[in-house]
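Here chain A shows up in two complexes: once beside chain B, once beside chain C.
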Partner chain A sequence: MTSRPIPLNDPDAGDDTTTPGSGHDAPERKRLTKWQLYSRRFARNRPAVAGVVIFALLVAFALFGSFFAKYDHVELDFLALSDPPSPEHWFGTNNSGNDLYAMVVVGLQRSLLIAVVVAVGTTVLSALVGTAAAYFGGRVERVSLFVIHFLMVAPTFLLLAMMSNDSGGDWKVIALVLILVSWFFQARTIWTMSLSLREREFVHAARYMGVPGLRIVLRHMIPNIGSLLVINFTLGVVGAVMAETGLSFLGFGVKLPDVSLGSLIGIGASSISSAPWLFAFPAAALTLLTVSMALIADGLRDALDPTSAAGGRA
Partner chain B sequence: MTTPVLSVRDLTVSFPSEAGRVDAVRGVSFDVAAGRTLGIVGESGSGKSVTSLAVMGLLDENASIGGSVTFDGQELLGKSDAQMSKIRGNGIAMIFQDPLTSLTPVFTVGDQIVEALTVHNPKLSKRAAWDRAVELLRLVGIPRPQERVRSFPHEFSGGMRQRVVIAIAMANDPKLIIADEPTTALDVTIQAQILDLIKTAQRETGAAVMMITHDMGVVANVADDVLVMYAGRAIEQAPVDELFADTRMPYSIGLLGAIPRVDKTEKTPLVPITGAPPLLVDLPDACPFADRCPIVTPECRAAEPALVTVGGKADHRAACIRAEEIRAGRIDGGPVYPVPEVPASRFDEVPRDLREPTLEVENLTKSFPLTKGAFLKRKVGEVHAVKGVSFDVREGETMAIVGESGSGKTTTLLQIMDFAPQDDGDVRIVGTSVADLKHAREERALRRDVQIVFQDPMGSLDPRMTVFDVVAEPLRTVGTAAKDIGPRVDELLDLVGLDPAHSDRFPAAFSGGQRQRIGIARALATNPKLVVLDEPVSALDVSVQAGVINLLDELKGRLGLSYLFVAHDLSVVRHIADRVAVMYLGSFVEHGDVDEVFDDPQHPYTRALLSAIPVPDPVRERTREHIVLTGDLPSPTDTITGCAFVSRCPLYQTLDPAEQTRCETEVPALTGRDGVHVNACHYR
Partner chain C sequence: MVVAVTNLTYFLAWAYLDPRANYVGRRPPLSEEQIVNLLEPRDLYDGTPLLVRWWHWFSGILFHWDWGVGPTGQSVNEQVAYRMWVSAELMLGATILLTVLGIALGVYSASRQYRLGDRIAQGTSIITMNIPIVVAALGLVLLAIAFNETVGTTVFYVTGSSSIGVSGFFPVLVDTLQHIALPTLALVLIGYAQYHFLQRSLLLDNIKSDYVRMARAKGLTKQQAIRKHALRTSLIPVTTQVAFSIPAVFTGAVLTESIFAWKGMGQYFIETITKNDIHGVVAVAAFGAVITAFGAILADIAVVVLDPRVRVS
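Presenting the complex of A and B:
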């Protein structure tokens, strides 16, 4: 006996249940596509849906929160320096009199943009390069690996940090820098995983059907490392916020008057005993962001995973 | 009968799982006496391996075990791991399925045998232990044991490693040897050697043997008593002759009817058992086989039948309420299983010469460079995987290539599928030479005509795609209009006997046999003329295998397909093929019409292959002449000047020196009746 998982198939899905060619009369049956299946499975997962709700609220807060703000984030209220939360300043103020509510809204906007752009960018870039290198092999593989290995040993972070500094803390440049310094580690992992994938029979099967190489990469290779990509993406969001915070700390990141959650937390952490609200509100926003990402990622992984408890059904 | 060595009573094993408690073994009882062999047969999931592991005390900690296992007068259940360790490898020895993983790669085989010896005999001196190790290796037929004892497992072939495993099992003169599918991972010629060897080991040690297998042929070959398991229970138990001659339980009858026989000429369809084994969770109190049984009655679902004696014979027991009505696999004058019909092919009447060839292969050669050095790879030699193979496949015909692993049969097939241009030969598919393909577009057009079905039904379907997308992929690739794809997929699924309503499920929701049907549906999507099948049934259980073979037969007749079939199982080949080629070390040694080759094998290798297959008939199996080949396939890196088979050829041994020289120096060509039956031996 080979070890065999508990079969999850229906009793009605047994072997040879129908004689070939017996003709099933199902005239206009609605067939679910893959995406419908995935979204149904995702929707059944309560924590994942909660994650989507939290994320949606955060986005709404970042986009529309400024409509309710009484102050602009650069405006200084000299009558309220380092004030705790009050009806006037909902989240309190810092020692120069900036309204923290307005700063959190703007900071969240920046951080969301940077985090999502960086996470999507690194995941897509690393998935494409990693799987394509593995699938095509030969020269494509050698060149990609050479680039990856070169980037791994070169002090890329330092070089690119200098570049971003020149740009004066523009968030777009920071996002680009973060993508460029983090994609290749993931690409290397994805390449190793894809090596075994390219020897799988369904990849051969697709090739022998005449499916073009790039489409095999997109249709067969990338979905099958989906779980890894989802995890990479979630960690990427968290990592991007952290990295951006680190950059800000070194003075290379987002610069005042522009703020991000990272820079707010960095400032708030230094006054945590005297003015805890300066740390608490941005940190809460960041926590909500990462928690929602983790929940969504979990749900996505389960929905995409063919071997999950749903057992290959909707 | 003397007191049994091992006595198992009402053994139950259950595991917790997410779906509920899985009752893997549900009340199994049997005895094994010294010097006797008990064969336990069943399909995957029937609980046969769990039974053996329970006896060895090797089950997971979360398993709950009930009943009683008495070995040599001691109760084994309830013993601690430390207490069991004194018995394992000493009183009870185990031979596992996969010889590649059951030896530790970092120790020499000598170390491993010595370890088995000294752990149970601490007083044994190192010297004596090594002497005994050499002695054991000699006993299991390892040449030059004095030197080989210091070799590492990777320096041995699969068959040789299994010999070492048996040597370890024999080391302490066990009273009971448990062999769990010991030959499943091996080629037939090696299987014959190993089965002989297990018999030798039994003779030498006088041990009782528990042989677990799914192969009825192996059972007929080695067993004295047989226990057939289904859904965690013994459903029939009898001495081997009795079981094969007078089968009573419908499941056992089905198992025997489902196997193609290498010794049968007429082509009757196989009898598949429909359905799949039940889940072992919350089984109702009914016969577990009722849903698949062709002679089911309402009483079958009332209560689970007990294993009771049938036919007034004390040693034949079956768990079927209709067992008394069934005599030798027949009931009420007819067979228990209705024989399915296979439609005739429109090509049946057309003589072979008048059919169009769908595939022509001329002098196909493939060699892999052997390189040395880690950085600057330099070529030090070549491995000739395929050497000058030529054949053709005509319309409506099945051509099979058989051979042991390493013979180059899969490489041949992949070369054809890769459309690899040949330097000094040609591959023509439906008249188009692969050398003429200029653009990717032309290549894709040709791919419509040739499709492939893979061996592993798990691996060949993308787990992330629904069945609909899987079957639709070749259609989309050839640019079928979106509105035509839906109906075509439904039609294809219906054709292979699956319910099209299940097409929005993922492959994981289907059983092995169903997945292989999905693979076949995908291969048929573009209406190919030639379907290439790479061991399409070897990963399936026998009852399911029969259904897939019948399906292939039926589709061939209905759609007028040609098959190029690669297999190591000669019984399947005999059943399905019209033409067959036997491959050895990269070239054909015999090639011709299937009945010609199987009924009148010429080449000594073909003869040995055919005689090595165990036939599921104990009487025939005992009287049949077995040619057991010595040694293994030579390494393909060796340069062989003459006939490649010289090192193992039984005929060569009987020749006089002048004739032997010819074998060693001159490569034999395929000679005989062209197109009907040719073989590559100087003296046949």
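Presenting the complex of A and C:
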């Protein structure tokens, strides 16, 4: 626990609400910047740190795993059909001779890419719609809330399956459709939070100084819900991975020759008692991915929440 | 709202599914005329204006409760009438079990906040909540197969919802239990944790409140105070949450049914999409909307029972 004296960060609009104690009453105490405080609180949460480590290893595996692969994921080895894991094929092979190790690497890349794109898109869209609806009010608010409430009762998984099936397994279309059916729950939460935000003094001040509405939303309101957005992003990754793998498992998502963890599990499911390794390796990668991301989200929630009981001794 | 959603799905289904695709590429190839003759009587011919098709379909439901036929001519009504009970069996059992388990664990870990039991329960829950349903279900299949081999007889069936040729009340009951155990377990395993966390945090808020301290001051034990005063208040938001999580249970049921080969609504959902069965897809959407509405009504009733401030007029 070392801390060095640092000048207070700029009292930029919005950021000041989460800056810890001003220090006027205890001048001899050394100040921490916001990020030092957050990282220290995060590091105290051991499961969250484990989550970061696991997640980093998975990303490294997805990025660099193919350098160690002896086979390409579409290459067929006819001398090794449905082979259990061996020195030659580390994760075994399927019934047409594909190397499972190479397939898991590619599948993990695909699943991660879709998940990150969807999480970014969902977070951005929900933040914009939620805060704009709260700030502008009136017709903008009514229309956005109508759309949100309508989507909440719509059979989204069904629409998702139809649209992505129609796209023929293109991951970009799948990601786009996933964004369209998953932004509205977050947008509703953000709208509720922004309702109190729009009555705050700094928003009024900005408005009376003649700052245009869109800039108030972007510069003053969205930074204030930053911590919520970070958490939403990590949870969005979990949700997107689950939705995408579910779809691909059923055969409505990513299709051959492209593979994702879901479609690999789908292949493994048909031969689960005769070739359990086809299920075990992609399933392990998938579970590690979702659980590590959830642990990170949990740790971030404790670290970023100023009222959290876990942050007593920063 | 159910009607609006169903109609919207009808139009969206027409935008994304093409019943004609079922007949293209057949051997021997069908002529255009033959395809039209097959599709026309089933209201699936895309040469007819969409609004005419829609009115045929909608008036059929309104006046005869006829949900149309699939591209091979089988009635959607018959399919749904059989399948909805299969799905309802699975979803109802799983929803009740996971709610009760989640609430019980929530009460347990709230009354032992930050002690060992609470920490273990929370650690388990955060992992199980984030296991993908596919992995959970297939993992259970592997475990059950291993278990059956060790015991020597088939205790758990991993496919289907019932065996053929079983009769009598108790044999049927045992057979159903053997089939339903694994899919229900899979749904409960991934679903209970959200109620655990919700119940725990709500109960902790209530335990610290004045009226629970008052109850303790009157001389009630901590257990009594929690059960009689704190629990009842904190159950209200949980019941509302149950209603809104029913669509998620349905999505989970789609995947579990396909893994355990149950001929329920979830499997029908997959079948209708792959076969471009528009009327079937719409029926699935309507089923989903109806059970969501049903859940909302149940939640309202539960709130009235639990909350003395809500009066039914």
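In this section, the second predicted complex is superposed on the first by the 203 of 314 C-alpha atoms of A that agree within 3 Å, B and C clash if a C-alpha of one lies under 4 Å from a C-alpha of the other, contacts with A are read in each partner's own complex, and residues count from 1 in each chain.
Operating definition for what follows: a residue touches a chain if its C-beta (ideal position, glycine included) is under 8 Å from a C-beta of that chain, and two chains touch if they have at least 3 such contacts.
These figures come from a predicted structure and were not determined experimentally.
When the shared chain is aligned, chain C comes close enough to touch A:Val153, but chain B does not. Contacts of A:Gly226 after superposition: chain B is touched, whereas chain C is not reached.
Residue contacts after overlaying the shared chain place A:Arg200 against chain B, while chain C stays out of touching range.
In the superposed three-chain model, the partner touching more residues of chain A is B, compared with the other of chain B and chain C. Once the two complexes are laid over each other on the shared chain, residue contacts for A:Thr245 go to chain C alone; chain B is not touched.
When the two structures are aligned on the shared chain, A:Asp298 is found in touch with chain C, with no touch to chain B.
When both complexes are overlaid on chain A, the residue A:Leu32 reaches chain B alone and has no touch with chain C. Looking at the shared chain after the overlay, A:Tyr208 reaches chain B, while chain C stays out of its contact range.
After overlaying the two complexes on the shared chain, residue contacts for A:Met163 are found with chain C alone; chain B is out of touch. With both structures placed on the common chain, the touch criterion links A:Pro47 to chain C but leaves chain B unconnected. Once both structures are placed on chain A, no chain A residue is touched by chain B and, in the other complex, by chain C. Contact residues on chain C toward chain A in their complex (touch as defined above): 1, 5, 8-9, 12-13, 16-17, 123, 126-127, 129-135, 138-139, 141-142, 145, 247, 250-251, 254-255, 258-259, 269-270, 273-274, 281, 284-285, 288-289, 292. Chain A contributes residues 1-2, 4, 6-11, 13-24, 26, 29, 31-34, 37, 200-202, 204-206, 208-212, 219-220, 223-224, 226, 304, 306-307, 309, 311-314 to its touches with chain B in the complex.
Chain B makes touch with chain A in their complex at residues 17-19, 22, 42, 44-50, 181, 212, 272, 274-276, 278-279, 281, 291-292, 417, 440, 443-444, 447-448, 451-452, 454-456, 459-466, 468-469, 473-474, 477-478, 486, 490, 494-511, 513-514, 519, 522, 526, 544, 547, 551, 554. Within the complex, the chain A residues that touch chain C are 47, 153-159, 161-163, 165-166, 238, 241-242, 245-246, 249-252, 262, 265, 268-269, 272-273, 276, 279, 283, 286-287, 290-291, 293-295, 298.
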